[in-house]
Structures are given as structure tokens and as C-alpha cells.
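Working notes, structure below.
For reference, chains read A, B, C and D in written order, and residue numbers begin at 1 within each chain.
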Amino acid sequence: MSEINIGMIGYAFMGKAHSNAWRQAPHFFPGTRTPRLKVICGRNRAAAEQAAGQLGWDEVETDWRKVIERKYIDVIDIVTPGDSHAEIAIAAAKAGKHVICEKPLGNTLAEARQMLDAVQKAGVRHMVLFNYRRVPAVTLAKKLIDDGRLGRIFHYRAQYLQDWIVDPEFPRVWRLDKSIAGSGALGDLGAHVTDLAHYLVGRVSKVMAMTDTLIKERPLPEDKSRTAPVTVDDCAIYMGKIGDATAAFEVSRLAPGRKNYCAWEINGSKGSLRFQFERMNELEFYDRTLPEELQGWNNIMVTDGSHPYVGNWWPAGHVLGYEHPFVHAVSDFINAIDHGTPIHPDFADGAATNAVLDAVEASANSGAWVNVEQIPPTQG
Amino acid sequence: MSEINIGMIGYAFMGKAHSNAWRQAPHFFPGTRTPRLKVICGRNRAAAEQAAGQLGWDEVETDWRKVIERKYIDVIDIVTPGDSHAEIAIAAAKAGKHVICEKPLGNTLAEARQMLDAVQKAGVRHMVLFNYRRVPAVTLAKKLIDDGRLGRIFHYRAQYLQDWIVDPEFPRVWRLDKSIAGSGALGDLGAHVTDLAHYLVGRVSKVMAMTDTLIKERPLPEDKSRTAPVTVDDCAIYMGKIGDATAAFEVSRLAPGRKNYCAWEINGSKGSLRFQFERMNELEFYDRTLPEELQGWNNIMVTDGSHPYVGNWWPAGHVLGYEHPFVHAVSDFINAIDHGTPIHPDFADGAATNAVLDAVEASANSGAWVNVEQIPPTQG
Amino acid sequence: MSEINIGMIGYAFMGKAHSNAWRQAPHFFPGTRTPRLKVICGRNRAAAEQAAGQLGWDEVETDWRKVIERKYIDVIDIVTPGDSHAEIAIAAAKAGKHVICEKPLGNTLAEARQMLDAVQKAGVRHMVLFNYRRVPAVTLAKKLIDDGRLGRIFHYRAQYLQDWIVDPEFPRVWRLDKSIAGSGALGDLGAHVTDLAHYLVGRVSKVMAMTDTLIKERPLPEDKSRTAPVTVDDCAIYMGKIGDATAAFEVSRLAPGRKNYCAWEINGSKGSLRFQFERMNELEFYDRTLPEELQGWNNIMVTDGSHPYVGNWWPAGHVLGYEHPFVHAVSDFINAIDHGTPIHPDFADGAATNAVLDAVEASANSGAWVNVEQIPPTQG
Amino acid sequence: MSEINIGMIGYAFMGKAHSNAWRQAPHFFPGTRTPRLKVICGRNRAAAEQAAGQLGWDEVETDWRKVIERKYIDVIDIVTPGDSHAEIAIAAAKAGKHVICEKPLGNTLAEARQMLDAVQKAGVRHMVLFNYRRVPAVTLAKKLIDDGRLGRIFHYRAQYLQDWIVDPEFPRVWRLDKSIAGSGALGDLGAHVTDLAHYLVGRVSKVMAMTDTLIKERPLPEDKSRTAPVTVDDCAIYMGKIGDATAAFEVSRLAPGRKNYCAWEINGSKGSLRFQFERMNELEFYDRTLPEELQGWNNIMVTDGSHPYVGNWWPAGHVLGYEHPFVHAVSDFINAIDHGTPIHPDFADGAATNAVLDAVEASANSGAWVNVEQIPPTQG
């Protein structure tokens, strides 16, 4: 089978997840072309070489521009911190490469708009890797909503809670530095549940928000005897409207016991759906159209052959884990390139999420409602 | 409204639960007659008087025979330990009283047969208070099975687990003395899950069993410096057949964390049902007739107005507790008396459970399969 | 035992729950005096008489002023819709009666302040019946927080969701009419989760809010061919601060599958607690002070003898239901009267919740942050 | 890094799971040698070649003897149906290959004994791939039990329930044919929960059992108009002793809604543990040594860095799936080969499980208790 050559910029947590996805895709979702893990790029050569060995890449590069310059690279996969997404993605698009970018697309809406503009002008394919869209339970939820099973939507509510910085001695790593990370829980976690709102229900039109940094100083990673201010939010709460439905969001990294609790619930006139990632193989559906005595929260284990993506893995009840949706995403992306079919979420969707994040920050600063700038979806 | 006069023999834990049921019935299930808590009977006058005051009884008696002799008593309610059930119930029946008896009906099948014979000859009404039949979730399960929603039944499995005697210093109370209690976990807990099997699926035809006493000596309640042997089982495991379905049972008082875990699951060709008492307001139903992508364990909160008994209590979601099924039972019993309608479980059902318990003990002793003596159900 | 005479104004859903509490209290929580269900009051004599019979009251009255005039009445228990709370409570206080009032205390903060002023001047005892404070799991949570087991509090979040008006054909009953009910989901459900925030964490200092009425017209109960506007909110979302902790609230009556889902979670530096009423016998506690490998959400079944209130009911695992916390409340109130001990939540607490509700409405109208008027707690 | 060459016999469901494990191991558990997926073997060349391509094997062979003959093969991995395990494993051992074998080790104890004898005589390393031992939650449970946290063990109970043959039209595939599969639910599912009993608590000493085939005829896979008898059990129920603890087992393929419900619970004097595979990232621990008011079922999400195997995968809360324990197993096996360290479960453990399965069948046939032949564990 012919190959499609991947160049990946970055190699940390997301680099590990994306590398696994590229390696696993052909074994479970054989498509038109087999991804080749061609070049991995990191500024620190020793670390990048170590990563290449463990993650399975052929070559190592320390300057991302040189990866883009390689003619034989088909896809640039960006897994760096948010402050370099825009520059890399725009250069890659100009060089005619297809681009996958980790979320959030930009650190600001302005950056995201430039990125969207670049890929549209270049005519390359583009995807933001909001991995939770391709958890089979979430994909099934989308199908049920599109089938009309919830009726008119009344409410979307989401929480994305973690606890990895509850200890005040946890150091001020780059994710807690606004100049690199852009924002804190908001950009990291809020981006996901905002994108899920857009995917499942529709675009957020306006927001009212608060953000907070409850632990204001932390030790420096390189010298624990000194501290530095935390310049991003620990938590954010925001509410808004999606059409005439209400939307409520809360994200935090200070919620003991919530490890990767990415949770949402949707209430409609005909029923409700709810999901939380820590039990990612389960989708709960309440169907008001059943006889009253039989109505309940139906816990669907989304591992049957008829469920999205699942048939390519294991038999029913043989549950999937965190990394599987990444495999679904890169597999879908290769197919989209090779068949010219639509792909989501693309940079327009990514920019739409950046628009919400910017509006949340503006509202948190002003204490007033803020209208969200609307980014039209790509016509599919 | 006219009254129906109750005489209750015994006043401990079950006396408290039954008294509450008699008091509450007219307020939530007003029927043809209002129960009057007329006489409570206990051998220790001081204790019985104290109970009468707190539980709401008009009069106190120390000799149960004198309660039965009272002309104006309509119903004898037996809540004593198992060793006195037979004598009291037979005398009550002979005196023309209707009889409610706590479970298990007898300490042996022979006793239970005599009791059944007595009430049948006397033509009085009779009920064994297996309270779990009237948990609304259980009553709903029965309806769904009768409606054919499970199809052909393949399996019944039940566990009734508690942990109140895990501590080896817990004293050797009367429930651990075979001469009074008849048996241990088997008669106390196994009686319930056997009766539920009979109610929901059908009569057990044969059994193979083991019982065990894992903590063999315990301090005497009255003198903790001395110990006495535990003469009843701590746990029992038995299996058998109900028609061509399999049945599996395990009961124990040595299961830390299981407080009152009375649980069963039924698997049939069209679906499954499961229940556990610690979440008594919930029934889980798996419906194989739904489209595959929607099949799941449907957690029905059995608190809607359309569910059995519930409409008389509170709005949906305003959950019931342990004592409510006792109210349902005595209310149904009064109506059965006043309208001549069938009532279950009656002494024939109680004897059927005693037949299983006897067979379990015989099998545990012999190490071989034992056929269960069949007690025909009352024609309703 | 001597008696304490109760006069109850109103007889609908809450009248049924309070009557049950008065009847049950002496049987499970015998105190200094036994409550006597002396007079029940309703404007419609026939309905009131029917209620008196079923709920167990001695006498019937149609004018609440006449109940207050009766010298032998010790306690006035107000279970009417919110628009009459103030007038009745103030009159009762002036007559020297102790007062229990259903929640919310007033339909406005101004009313609640007048009520508080009246009971303080009269020197009578007063309580608002926020029943959820005395769910044993909630009372235990309060104890654990007071013991310092959560450390510094970061977040309080609460949802109170129901689904009884999802059907657009559900009629416009009095609870949907602002002139009687004061507000909708906000006053009915938001009042509870606000009071629980105050009880468990502390007073809300400022809020930002939105409310919505998603189904704007409904049939009239008395003539389904005509409709009338719904003049209260269907749902409300609000956020705010409690000290330096964040607080997030969402309440709705349009959430299919959520029957009486009164839920909260608290995150602190040492751990977290969470609760939801539909599983009211369970409290979940995450303890960060355990070794990491053992940290988890500990599901405590709050039915052990060492848990609050539980020892007076049934053995471990024999779960309680909706009405039990009402019994705890009236029992505590009688003891407070007879022993002069503190009682909570009192009218100061009730007014504090009204202050939040008023601020929520003001913020929903203005689209801006609103400071909550602070009502000092009673010195205990 | 140097390589270790694998030859795999078989390529169906288990072949897919094992291939994935060999591929993934070096990326997540880099050890002394990297496994090389050298030869895959299947009788049907076209199918084997297709599998080689998709699963990532270098070469294809149609005769397993030729794989064993290859000098450069270090490890033979047997994933064929049970009837060929013995012959292949014995030949591989004689050729000096290390051997991994799918469970159950043999179709009979006699076969398993011969296999154990062969590997012991050859001095090669051997493992039976009971994958559930290396689910992190199960490995943690083993550690907690070894640490003494359960105290004296009272009870082990296990259920392994599936539903894939509930439909009577499901064809009579090879797993339903005794001549190939050896037994049905017993050998397939009972083998797992028996091995888990041995791993977690100790060896089963005697059993009493029933087995049943509830659907006795099924269509032939190759011609649905004809049927053939099902010659294996659909379900098995057995009980026994492990030391002085009781053990209860139930396995079935006729339990709608139970997809891959491999569940066990262990009760001891100090606490309890429970697990079920469909929520494989969770272990529940009840700790009786906590203060009573804090005792509960502690749901430990076994995804923290301090938990077994987990640190090599993803951050906390980023859950694992079905295939991960296979990766742990083959990684541990390579390390055992290269460092001479002990490995479990080995063929002695595999034979011990076969001994239980044989005893279960004997008891089901005789209706009497059967002592289990004891296979001594390998001295580690």
C-alpha cells in the first residue's frame, strides 16, 4: 500500500498520543494510504532523538522550518504549545502541506483567523484535533441528536474538571504561563467542552463569565526555592446561549478526585443525553418517548459492532481507552485527503472555539455579557 | 371510618417496622377499615410497655394466648423469633383470627406445613411478610416479566449480603443460636431471595448447597468474658433449577461494605432485569428488542405516578425508604380481608420457601442434589 | 408525656410532608413533648376536612387568623404558597407563636426581612424548612467540612434539576404564576441549593445570572382550550463567590430524566464531597490525604448508627426516604423550643437565601454583577 | 536495540490482540529487547497473508511445525483454538523456544500436565495469557491483598457473563463444538475467573458444580438451513473452597446486557474489594479499618502514576482499554526471559486452572463434590 508521509512538530504528551495514532491507524483502520512516521521535530536534539526512537519516527529535525521544506512530507502535525501553532501552521499551509493542529487552534481568535485564512488560501486540508468528538459514545450522541431523538434542545451543560495542580507546591510549568499557554483551564479544558457544544448542539452566541486564579504563586520547576506568579486561570465558569437553548460551563484544575472529568449533559423536549470521559465507553440516554413506566437513564455501553468506529477494534464489552479517538481522527483525516470528503473539526471550527474563549476572557474582564464573533462553518 | 383491630406478638426490630406500617397505612393508603394498634404483647412487661408507648399501641399484654383470646382482635401479627411462629399462628387461626407472620414462616418445613394446614382449615386470611415483594421496583419487575418482556428465562441469580457480624467480638445473640433462629444467614437472608425467585420466576425444584460457619465461637451477650459456639451458618451458597432456568444464590453476614445488599438479576431471551435493595428506588432493565445501538441498562427510577404504590406517596424522584413496603403489605392485607381478594405471599408461599431452606440444609449435609418438596400455590 | 399543639396553615404537597413529620417524630425521636396535630387550615372547608381526616388533624379551620387566635396553639406551621408566608408568619409571631415556614421564606427579600424582624421582636422560635439540610448525608458532609477534612474550599457547584414541566401541554398551575409563586425554578429549586451553599460553605457575596422561560405559554388548568403566559422562569443559571471560593448554580424544570436531582459538589485543598438527592443515602468523599494509590471517590452509605439521625430509624443499609428529613427537622425544632438551644436554618438564614434570589433576579435583568445584601446570622 | 523474534500460531481475535501487544510493547515499555513480529502462521495462506499485512508480521507460514523449525525464532505465541495448544506447545518447547499460550492452557488437565512437563524439561520460559491479571486494577488488588488490607479472607465470588449467543439463530461456530473448544462458557470464561481466584486468593481445593446447555441446537455457520447440536455448555455454576474461604462462580453466554462482565468480589475480615471488567479502570475497596462514619466503597480510578503499569501510558484519568493488559503481559515476559526473573501465570498456574475445570465437569456429571487435583506452583 502506498504511504503518506507525516512530519510532527513537538514530541511531549500530545506527541506521544499522535504518534500512537499514526502507528495504530493502518492496523485497525486500513485506508487508501499508510501513514509513515517520517520526521519528528524538537528543539532539543537529544530529547527529540530519544522521542523518535521510542515513538517510532524515522528521522529527527530540530528546526520545524526544515520539516516543512521537505518535499516528501504530506502532512504537518502540530503538537507544540499554543504560542507556536499559528506560525507553524501558516508556514505549512503556504508550503502546500495538509495540517493537523492540536487544540486550541490559536492562543487568540486573531491567530486562529490567520491560520484559517492561510489554509483556505492554500487549498490544503486542515483539522483541529479535538479528540473527544471521536469517542464512540460522543459520535453516537451526535447521531442521536441529528436523528431528532432529543427534540427541541433546552439546555447544554458541561464540566471539565481535573485535579493535577491542587497541591500548591506543584511547580509553575509552562501550562501555567500565559505567554506560552495563552490561558489556563479555559484554553485547555474549556476549549474541549466548547467544541463539544458546537459539535453536538450548535454555536455559542454570547457569554457571561468569570475566571479565577486561586493559587497565585508557585515554585519554579527549575528552582523550587523561588516562586513565580501563575499568570493563567485555574478555573473558569461561563454561561451563554446556543440558539434559544441555555449553556453552562465550568472548568477547573482544582477539583480533587476529578482526574479527567470531561462531562456534558443535554436536555431536550424528547429526552436527554449525558457523558463523562472517565467512563468513556458509556453514553446515557433518557428517552421521554417510551411509556412512562419504562423511562430511565439508559446506560449504553458503546462497544457494539453497530456503534461508530467500534467494529474495527474488539468484540462488544472489550472497552476502548484514551488513545483510541486519536486513531479515529487521523484515520478520518487521511481518508478525507485521499477522497476529498469533508472533515471536522476543521480550522473554521477551531476558530469558532477561539472566538468563544476570547469572549469569555473579555466578559471575565468586563463583568458584562459579550457577543461571540461568529465564524461561519466550512460548507461541506 | 370503621376500624380493624390488630394484636401484635413481639416488639423488637420487626415490631417497630410493623407498627409503623399499621400507623402509616391509613394516611397514605386509606381503605375500607382503619387499622387500630390495639394490643402489643411481650413477655417482659416493662419492655412491652415502653414499646407500646413509643410504637403507638393502646394496650399491653405479656401472654400471647391472652391476645388471641380477645374477641375484638381481628388480626394477629407475629413478629417474634422463628421458634414461636408455628405455635402462635396455629392458635390464632384456630381462634378465627387473620394472621400475618414474619419470615421465614416456620423454622422447618414441617412447622410451615402445620401452619398452612391450620389457616386453611380455619378459613382465615394469611400472609407472610416478605417485605421485598412490595418494593415498587420489585413489583414493577414482576409486571414486566408477566408482560413477557424478558421472554424465556435463562438465569436467576441472587445475593443477599450483610456485614454486621464480621467483627469476631460481635456477641452470640439469639440470631446466632440455632435453637431459636432455626438457621443463620440461610433462614434470615436466603429466605428472602428464595421467595423473590418464587415470586419473579417460579418455584425452585432442586438444589445443591454448601453452608459454612467461619467464625465458630463468639462472646456471650450477657458476659463477654465467656464464649459460646455459633450454631447457625454465617453463609450459604446454593444452586438449583427453576423450570429449565438455572438459579444461583449466595447469602452471607460476613461481607464488609454490604449493609443490606439484597440483589437479584434475571436473564431472559428478550432482556434482563436487575435490582439491589441499597438503591431500592431503582430497577435496571436491558431490553434486547430495542435497536442494537440503543440497547443498554436502563436505570428506571421507580418513583413515577404510574409505578406500583408510588402515586400514594410523593412526586417523582422523592424516593422511598426501607419501611414503605411494609405499609404496602399491611394495606394490601386489609383490602384482601375486606374484599375477599387474593393476597400474596400467603402461607403456601411461605411453606414453599421453607421447603427450599430444608432442601438446602439437607444438601449441605449430604453433599448431594436434593429435590425440593413442592407446595402447591393457593388457587387465587 | 405532655403535648405541644400545632396549627398548620395549608394542606397540599408540603402539608402532607409536614403532617407526616409531626405524626412520626414522637415514634422515632421521642423528646420532651409530643406534637399534637391540633388544627389544619384551608380556605376550602371540604378539602380541608378531607385533608384533616387523611393527614390526622383534630380540627379544621378555614381562616388562618382564627388558628393564630387559638390560645392553645404553640406552633404555627406555614405550608402555603409563598405569597402568603409573610402575612401569616408576622401575625403568628405577634401572637407569640413559634413559627415554622416552608421555603423560600418570603417571595422577596423585603418580605423576608419583615418576617425576620417580627420573630426577633416577638422572641419566638423560628425555622425555615429547608429539608435537605437534615438528609443524614448532608448533615454528615457539614460535619466533615467543619472537621477540616476538605481544607481550603475552592469550589461549590450545584444543580437542582427536575422535568415535570417538559411537556408543553402541562398546565399553567400556580407555581408558574409569578403573582403567587414569586419565581419559578429559581425560588423553588435555587432556594434549596443556595441554602445548602450557605450551610456547607458560607454566604454568597455576589452573583451574575441569567434566567429563562423557554416555554412561554401553557394551557390554563381549568380550561385547556385557553392558554396563559408563564410568568416565572423555567430555569436559572448563576455564578458567584463565597469568600474566595467560586460558586456555580444551575436549576431547571426542563431536564428530562432528572426527577428531583438536587446535587452539589465541593472541592477543597484536601478533598472533595458530592451528593445528589435521588441517591440520598449516599455521600461521596474523595480524601487527598490518603496514599495516592488508595485515593478514590468513597461512596459512604450514610445509614450506620454513627451517622446523624440514623440510629433512631433502622439498621445499617435499611435506607431512608424523602420524608425522613422533615421528621428530623420538626423533632429538632421541638427540642430547640423546649431546651432553648439554637436551631437552623432560622429566618435570618431564610432571609439570606432571599437576598441571593433577589440579587440573581437583579443580575438577570441588568446583565451585570450584583452584590448580595448580607443578613447577619443569628448568634447561636 | 537488539530484537527478540516472535512466531505466532493463529491469527483470529486473539491473534489480533497479541499482535497489537507485540507492536505496542516497545513504545510504552521499552525493555532489553524489541519484539520483532517475524512469522505469522495460518493454515489458509490467503487469510494468513491478509492478517500478516494488517497485523504487521514480516513472514507468513501455513504449517506451524515450520515456524518452530526456524532457528531465529525465540518465542512461539499460540493463539489457536484449545485443541491444538498441547501439540504446538510441546513441540515448541522441545525445539527450545519460549512459549506463550492462550488460555485455557489445555482442553483437559492431562494435556496441560504434558505441556507443563515439556516446558519444564526443556528449561524454556512459559506463560499462559490470562490477560485480566494485568489489568492495573487487578494488579493493584493483588498488592492490597498481599499487604494484608483484607485480613482473613472469607469469600471469593465471581461472575463472568456475556450475551453473544442469546439469539437462538446465532450459528454453531467452533467455540460451540466440544471437539475443538473443549468446553463452552466454562473453559472460555470460567478459566478466567478461576485463574483470578488463584492469583488473588489461592488455589481452589474442591468443587460442586452444574453446567447447562439451554439452547441445544443452532444453525450451521456454513448452511443456515441445517442445524447441529451445541456440544458445549452455555453456562456453568460452581462453588468450592479456597483454604477455609468459600468460593462461588457463575459463567454464562446467555446474559443480555452483560457484554464482557468479568467480575469478582472478595470479602475479608478487614475489608472488601470488587472489580468488573466493563469498568476496568476502577477498583472498589471497602476499608473496615477506617472510622465507621467514613467507611464506604472507595472507587479508585486506577490511572495514577503510582498504580501498576499506568505510569508508562497516559496522565491520570486518561483511561486504558481492553488491549493494554496484553501489552503488559508480553512486556513482562520479555523481561523475564532476558533477566531470568519469575513470570506468572506460567504453565503450572495454567494446569491448576485446568484441574479446576476438569473437576467442575466431573462434579457436573456426578452431582457430587470433587476434589481438585493440586498442581504445585513453580518455585519463584
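Everything that follows uses one rule, which is that contacts are C-beta pairs under 8 Å (C-beta built on N, C-alpha and C of every residue); 3 or more make two chains touch, one makes a residue touch a chain.
Just so it is clear, the model here is predicted, and its values are computed rather than measured.
Identify the chains adjacent to both subunit C and subunit D in the sense defined at the top.
Chains that touch both subunit C and subunit D, as defined above, are A, B.
Compared with subunit A, which chain's mean CA position is the farthest off?
In terms of C-alpha centroids, the chain at the greatest distance from subunit A is B.
Taking the mean of the C-alpha atoms as each chain's centre, how many Å separate subunit B from subunit D?
41
Find the geometric centre of each of subunit B and subunit C from their Cα atoms only, then give the gap between the two centres in Å, rounded to an integer.
Distance between chain centres: 36 Å.
Quick check on subunit C: which residues sit in contact with 2+ other chains?
Where subunit C meets two or more other chains at a single residue, that happens at 258, 295-297, 301, 304.
Spell out the residues on subunit C that touch subunit D in their complex, using ranges where they run on.
On the subunit C side, the touching residues are 140, 283-285, 291-301, 304-307.
Under the stated contact criterion, what part of subunit C meets subunit B in this complex?
Touching subunit B from subunit C are residues 13, 17, 19-20, 23, 26-27, 30, 54-56, 162, 164, 258-261, 277-281, 301, 303-304, 313-324.
Which residues, counting only subunit C, touch subunit A once they are in their complex?
Subunit C reaches subunit A through residues 154-155, 157, 159, 161, 163, 166, 168, 208, 210, 212, 214, 234-235, 237, 239, 244-246, 248, 250, 252, 254-258, 265, 267-272, 286, 288, 295-297, 367-369.
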